[in-house]
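Two complexes, one shared chain (chain A), two partners (chain B, chain C).
This part shows the complex of A and B:
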């Protein structure tokens, strides 16, 4: 018997043991006495029971979760994507993280307008009917809050991947190229920046460099096939792929063109990176390469020693993920993971790697490399470069310590 | 002024007119009197309001719909995907069409088992915990009911793309390769077919050729990132990409290997294609190339003459879509549409093409060509080859007649 066969038998013992006497599926309809479960014996629910469906009641704990102590109010707060329970790369709309500055409105799309003005040939106001008549594009992109993992900078160790990395989502977005709208209004020479502003109670606004508009920025109205959800900017949102989340202005109502940035509150008092010498990095929008193991993780440990598949997500704002390496010994040895196709630009990439757990302690890490050659840093490397004053742009390697019990813990290696 | 500029101005007149006096967005918070809408003046809802989110109340008509007269009971019936309201290629799980034979159960995953037996080296029973430990794969595939469009064969003209083409969905599926499970049980020489059986009250079952198992068949547990919905087979479903929908057995509980097909009810009394000579095509699983325009369509007409983007979906069970051509004059002249990347195998492909409507009558059609060179046929060609006895595998070209009013109607050209 080879080692692999041996592993297999151990692996299968689990299932066989669990199945023993619990149920013997058969080809014919049975009675309660023969163990046929009630769902096979009874007619199920008909079509029309759920015109807009919902998950199984057995999945009711898979939800976005907030951390009440983290923020002063639920209206200026965040809820986290349950990454530990997700598969593939698409985040279902109902589970996509939220970050609001003054809560989320439910806007009447017939009354919503987008105004474009400033250094343009003609100011224009667009209705939603206007917007959807333009040539459309659909693209799968991630959106990550720049504060994702921010609590870890100074050593807080949130107990779960939902809270360490859950301010990220990935979706198929559909909308109009921002450059298409800009050619409608005509951009004046010298225009270099765009102020994007939301229709929420915070009137959230950010300055966006005009190069992004002529690169890949979209004004989107749909997410994963359907219209945006209210908490994601319904009916209109700016999408600046690879840039920090807050610049993807939700409930987009205004775009103003100018020759310099606006230095709004959200790019001066917030969303800058205070460095050790007291200076602040500003307009540091781009997400560098990052990855995290989503199984195992604190929410989902191991049951018994034997064969497993380690699974996780990698992403970069600079293009495609080139490779992901995985270590089970805290970074001493690394093995290359499989990337699930299609590997798309500025999109989550699912990685997987087979692993046999010997039942002893392990330190699991993943390290992403993007197509520019950038290598995801350790937390020590990141602190050496940027200090500990910032809460933003933590893209460091995450470590999960697997205990002999099979439970996984968030740890920081010194 | 060029023709294009002229079109643009006409196009923009719409928006400007609609916006006139309705609202003037501004950078500062206003009062009711200055036209600032209430959602900007009031704090919105906080995080935690919807741990599992839902669409906007303004999208409440975007739901799966059944046709009560179509079937004798809602438990053996179908609900249709609202294709007219969707964008891109991903179908949200809440809107994915249903086709049940005895309703849908809500299975306890801890009690669910998958048995594999028959011509194998060892019979095995797998728990869900066992299944998710195997190496996983995530792939984006369409699933289409073979009766999609079946009512059109003999001339019924359902009034809407939701009902003519809505028995299709596309999702990112995650699960285990069926071949991985088969290598666990060991396939005996001579095994050629697999019976797949569901745990629903219909005990739905179909014979699948073993070649498919070693090609791309999956046993899936997740759809668009989250666990399968109950109506889509929670917790386990067979996924045979490109094959007719009913073979993607939901609530999968049993796989039996044998040397011949089982000739179950669903492959003898149902799901065969009765030809003009009285013979029936059997085991005609593969979906040939097909496409449909989703805008405009009977549910979404045109508002005024001018520039539009025609948008639609194309797919084939044989691999990738190679091209889609669009006609506005009932097939006399064709223009090549843009395909939205990534164009994936056995996946929906979104196509778009610019079109200026002159306000006159038009006959809109799309025609898909797949990578094998197969060209989507007209209904006349399909009837000439297959007669009118069948209800299955209608992949003919759909025609929408646009009236001068801007409304679109389902018509069949003679």
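This part shows the complex of A and C:
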């Protein structure tokens, strides 16, 4: 008799016993009493229960959040990415921060059009079918609202990394190179600028220098493998890697070539950086190097003293992150952190460093250096140079004060 | 179609996909934009007034419209209600501790005010104004800032000539060199004691 036949006979005997209502002594495995949880004892959900999957109900706190007092209406407002709850470098699409100026539409892609005109050989209109037919490219880039950290100029205000740094996302973007589209329409000599304009009710418009268009700008329709979410510009947005978020025009409907910038409201009355002498920096598009520790942070404190892995994110609009240093004593002494691959240009870079917490107070900081040699400045340095009214481009070193309780708080140092 | 001809078509198609050093290739996708389509979408107005439409109006003609369509957010005098942005005031205050950035105190170009109003105001009702209404509201906001008289005609010939007080106070940086850089130091990096400047938990 083979072993298999033997098993089969045992199975039949068991079945007969169960059918007779007799329980075998000692067969009561898999009970609550022996610590087997209900998810092990029961059948799970079938495929198709959630045709578009969703996170576990136990992750329901991991959501974008807004600051009600910050803006006058939710349609012209911002929600923040929960950086404290994320791992690696990619922002899930449902958690990517939102910034709208007149709410967000849900555009019928069959009716969406992109017009490219102005100083070109051919004024052309493209459907979405046309756009996706062009050679495609997929690249991982961060997008950061240039007002990220804008509430912190006068002092530490928002007690959470979601609110101090959460106007940032990082995703794999798929689309067509803007240079490909520009070749298609033929750029006339003398064209130096491109006006990009959205199809939402804000009809947002920004001027982009043509050098950027021919460098690495993309016109994208997908984010992390799926079509853009409506909040992120579905079905088409501009992506200008490393430049301030506002220039990455969502719901892109029009590109106009011209010889000068347009000086739109969004690059004069807004998105200019007022300095203490009353002058304002204009076209300060680039994000300089920046970093933040995402664990520990005010949302995620420490439990007991002992060994931890400090973790955080670093990025720069000028290329790759070269190194990140971490201090536990408010910037007196620093240790170099590990950069977790991949380390990509104009992309979030994850850093980690081991740290043994002795249970006493600590002041945690991270400091990014990018491939150009640029070093992330302190808040005191930024304030000395730009005052407290420039709103945008706060890329200062963040300090978390760790109390003996293990809780972390947003502080600034003198 | 003969199979030989099919092969020739395929050969041409494959060859066309190969990278080459020739002038940038075109794909032939898309279609020509019609003049009507361009006219409908090409609504931008530049600092020199390029793009301004025919028509015109005055602050006096804009007052009633402003009160009905704008004042609930921006205030009867442009002072701003709640968190909504003020449009007027803040004269010569950009170096103050709490500057108020308004059309009069901050905006450098009057034609761009027309552009913004016509494209996206009133809030949530962008493109709903006629050109004359947009001129009237532009005139009224400039009037609230003492930049034009109530009877001054604002149109494509006059708008770009209005002198905006803050016009000369923008410095182009065009994304070039950073203005502030940190210090790279690894040990004993602070001269004085470490002091807390501010603490979000104690606000």
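Just so we're on the same page, the second predicted complex is superposed on the first by the 384 of 414 C-alpha atoms of A that agree within 3 Å, B and C clash if a C-alpha of one lies under 4 Å from a C-alpha of the other, contacts with A are read in each partner's own complex, and residues count from 1 in each chain.
What we mean here is this: a residue touches a chain if its C-beta (ideal position, glycine included) is under 8 Å from a C-beta of that chain, and two chains touch if they have at least 3 such contacts.
Given the structure is predicted, the values throughout are model-derived calculations rather than measurements.
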Comparing chain B and chain C in the superposed model, the one touching more of chain A is B
If you stack the two complexes on chain A, which partner ends up touching A:78: first (chain B), second (chain C), both, or neither? first
- [ ] Examine A:203 and indicate which partner it touches, taking first as chain B and second as chain C; both and neither are also allowed.
- [x] both
Worksheet item: In the superposed arrangement, which partner chain does A:126 touch: chain B (first), chain C (second), both, or neither?
Response: both
Chain B versus chain C as contact partner of A:412, first or second or both or neither
second
| message | Looking at A:137, would you say it contacts chain B, chain C, both, or neither? Reply first, second, both or neither. | response | first
Examine A:248 and indicate which partner it touches, taking first as chain B and second as chain C; both and neither are also allowed. neither
- request: Would you sort A:184 into first (chain B), second (chain C), both or neither based on which partner it touches?
  value: both
Subject >> Which superposed partner A:107 touches (first chain B, second chain C, both, neither) >> reply: first
Which partner does A:390 reach: the first (chain B), the second (chain C), both, or neither?
neither
Interface residues of chain A shared by chain B and chain C, listed 73, 75, 102-103, 115, 124-127, 130, 133-134, 184, 197, 201, 203, 205, 253-254, 256
Counting only contacts in the complex, chain A reaches chain C at residues 69-73, 75-76, 101-103, 115, 117, 122-127, 130, 133-134, 154-159, 183-184, 186, 195, 197, 201-203, 205, 209, 243, 253-254, 256, 260, 262-265, 268-269, 272, 274, 276-286, 288, 298, 325, 329-335, 363, 367, 369, 374-382, 385-386, 388-389, 397, 401, 409-414
The answer for chain B against chain A in the complex is residues 8, 11-12, 14-16, 18-19, 22-25, 27-29, 37, 39-59, 62-66, 73-75, 77-79, 85-96, 98, 100, 102-109, 111, 113-115, 124-127, 129-130, 133-138, 171-174, 184, 197, 199-201, 203, 205, 221-222, 224-231, 234-235, 251, 253-254, 256, 303, 306-309, 311, 340, 342, 344, 350, 352, 354
Chain C contacts chain A in the complex at 24-27, 29-33, 37-38, 41-44, 46-47, 73, 82-84, 94-95, 97-99, 101, 103, 106-109, 112-113, 115-116, 119-120, 123-127, 169-175, 178-190, 194-201, 203
